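Dumping the structure here so I can ask a few things about it.
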Amino acid sequence: MGGVLNDPADLNHMLGETAEAPQRATVRGEPLAEFPRDLYIPPDALEVFLETFQGPLDLLLYLIRRQNLDVLDIPIASITRQYMKYVELMKDIRLELAAEYLVMAAVLAEIKSRMLLPRPVEAADEEEDPRAELVRRLQEYERYKHAGEDLDSLPRIGRDVYPAAAPAPDIRGTRREPEVSLQDLLAALADVMARAEMFTHHHVQRETLSVRERMTMTLERLSADTFIDFRSLLNVEEGRRGIVVSFLAILELIKESLVELVQAEPFAPIYLRARA
Amino acid sequence: MGMQTLNDTSRAPLKHILEAALLAAGGALSLDHMQTLFESEAAPDKPALREALAALAQDYQGRGIEVVEVGSGWRIQVRDAMAPWVSRLWEERPGRYSRALLETLAIIAYRQPVTRGEIEEIRGVSISTSIMRTLQERGWIRSVGHRDVPGRPAMFGTTRSFLDHFNLKSLDQLPSLAELRHLDDIHPELDLKFPEETAGEDAERRDADGHRQTEH
Amino acid sequence: MGMQTLNDTSRAPLKHILEAALLAAGGALSLDHMQTLFESEAAPDKPALREALAALAQDYQGRGIEVVEVGSGWRIQVRDAMAPWVSRLWEERPGRYSRALLETLAIIAYRQPVTRGEIEEIRGVSISTSIMRTLQERGWIRSVGHRDVPGRPAMFGTTRSFLDHFNLKSLDQLPSLAELRHLDDIHPELDLKFPEETAGEDAERRDADGHRQTEH
């Protein structure tokens, strides 16, 4: 027992029962169902009862176990009588007994009556013992009742296990930036381009991409305040192709009115600045 | 991310990094989680992590703490032998769990996936909603799907946190369930059975075993 | 729990009891509090506690943890040097960028310099300020000037960080829009090549593409 509850024996005393209950006087094999009329019922009887027994199966198991009976060979008449005594008592003190207890009472009565029916000898083998289903349920419940007790005895955090912890330096949780692959980026572009139906106009080619890039780079070097010598934007080391790209970029910038071009006189140096 | 370039395990031994991380976490860390503490190219592989954890466990020999593996990974915890002192840190005794809660949790642990209706059938009483809620709030059980029957009731199973809480590495480590016996078993001396019958019983017993395995 | 009533520190060195208690507490313990962990007659005096803590501090030399005295007592804490790894324990998982953000970035890459209004025109929907801010904070785009139209809207272009992130030497290495129609066949490793190199493969890719299309 997990020791969660008051000993069922307490309740037993309360009910005037003893472990020797089966040895009490019987009439025609049926025990005298006598209750002490003046039995004192403590006000917290409901809690005691409900906490002591998890349900009809638990109560039955208790009745069986305290008499050292084998669950496989339940004296159904005697157990039913004892069970009913508890149920009657609970009714007497007007506890709102869970419906499951009453259902079990009916089940027990049914088994009892089937046990009394004479069975043909030949049929006895095939016909299942009327108690079989109850026995199965009792065992099934009992194994999990024990499993629950086992679980309770496992070491657990807070009671037996103390995880070790140490404060860490006070650091802001660094935020990791999302990863983006080129694939993601291109897929996004393909989508938006398809939507914008831009594939139909082939006006953006690889060539213009490098021009576009150069436009950005050129704009970065320009300011609205100072003029820059056009020639300084052309890097001879880039070779012919590089110069052409730069030149196209500048033309495009002029076309888009992004830069201002100034030439004092023909053949004089050309100066550029960003449009203010 | 400038500081991360310092992830230099040549200066800090791996076992000491793991010790610091486990203590900072204050609970179990999986090997996968441990790997994320490193720059991807510097992340130790799992054998290396296991080796470092073993070395740490070795260092802790004869000390008041130990490295253990539980459901969701590895953690550092206080040794049993220290309980007399450590348990006095808190004035309040840890609460007890009700039988209803323990039995419900046991049924879920051993019979998962299992519906609330099935639990009620085994216990023979209805299960209060608060018990199911408590178990879920503690993160010990979770809904793992729905049974394909009318009403499509949720099926429940236990979590890694459940294993962590009860100091278990896997469900295998739960104590085994009591075996079910059959009515015929009570008078063995009278049961001069035919081979077919015994075979049938064996099969049933194997069934029960097979059942256990699906539970794990 | 059947714990020793003896609190026998002869078997468990005081420093190991304190280590276990401090780690179980996960925070600072005062010397007074430490004394309450022992049976009153077995409680070590404060000099003994200080001595044990000093011994523990000595043991932690070169490790990732340390014993320090703070306002409310003594505690074991993770050393600052472990921050690069330990800080990642609480790191937010990297999120994902929205489709809108990626499209915006792609349009800027291909159409730079471009204003927000122009991007909106291409996408057909307005662009939230947070997208533009995120891209700028990430250092992938920057304002490169203002378009000389009413309102003088900022024009955006991509940065060197953008190229670095995508492992590009220049924008030339991005596939042309025409190639994007066959995006499924573009493999990242091909994208990194120079136009001259890809020219031959382009043909191959188109071949393969035609082949794939007959399969569909």
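Odds and ends about this structure:
Each chain gets a letter, A, B and C, in the order it is written, and its residues are counted from 1.
The criterion applied here is as follows: a residue touches a chain if its C-beta (ideal position, glycine included) is under 8 Å from a C-beta of that chain, and two chains touch if they have at least 3 such contacts.
All values reported here derive from a predicted model rather than from experimental measurement.
Distance from the centre of chain B peaks at C, each centre being the average of the chain's Cα atoms.
The most centrally placed chain, judged by C-alpha centroids, is A. Look at where the CA atoms of chain A average out and do the same for chain B: the two points lie 14 Å apart.
Mean C-alpha position of chain B lies 31 Å from that of chain C.
Centre to centre, using the average C-alpha position, chain A and chain C are separated by 27 Å.
Across the assembly, chain C contributes 1, 20, 23-24, 26, 65, 76, 78-79, 82-83, 86, 88-89, 91 as residues in contact with two or more other chains. Counting partners per residue, chain A has 160, 162-168, 174 as the residues that reach two or more other chains. For chain C in complex with chain A, the residues that touch the partner chain are 1, 20, 22-24, 26-27, 65, 75-80, 82-83, 86-97, 99, 102-103, 105-107, 109-113, 122-124, 138, 144-148, 155, 157-158, 165-168, 170-172, 174-178, 180-181, 183, 186, 188, 191, 195. Residues 3-4, 6-7, 12, 16-17, 19-21, 23-26, 29, 33, 36-38, 62-65, 76, 78-79, 81-89 of chain B are the ones that touch chain C when the two sit in their complex. The touching residues of chain A, counted against chain C in their complex, run 160, 162-169, 171-193, 195-196, 198-199, 202, 204-206, 209-210, 212-213, 215-216, 219-220, 222, 256-258, 274-275. Of all residues in chain A, only 2, 4-5, 51, 54-58, 70, 72-73, 98, 100, 104, 129, 131-132, 135-137, 139-152, 154-168, 174 touch chain B in the complex they form.
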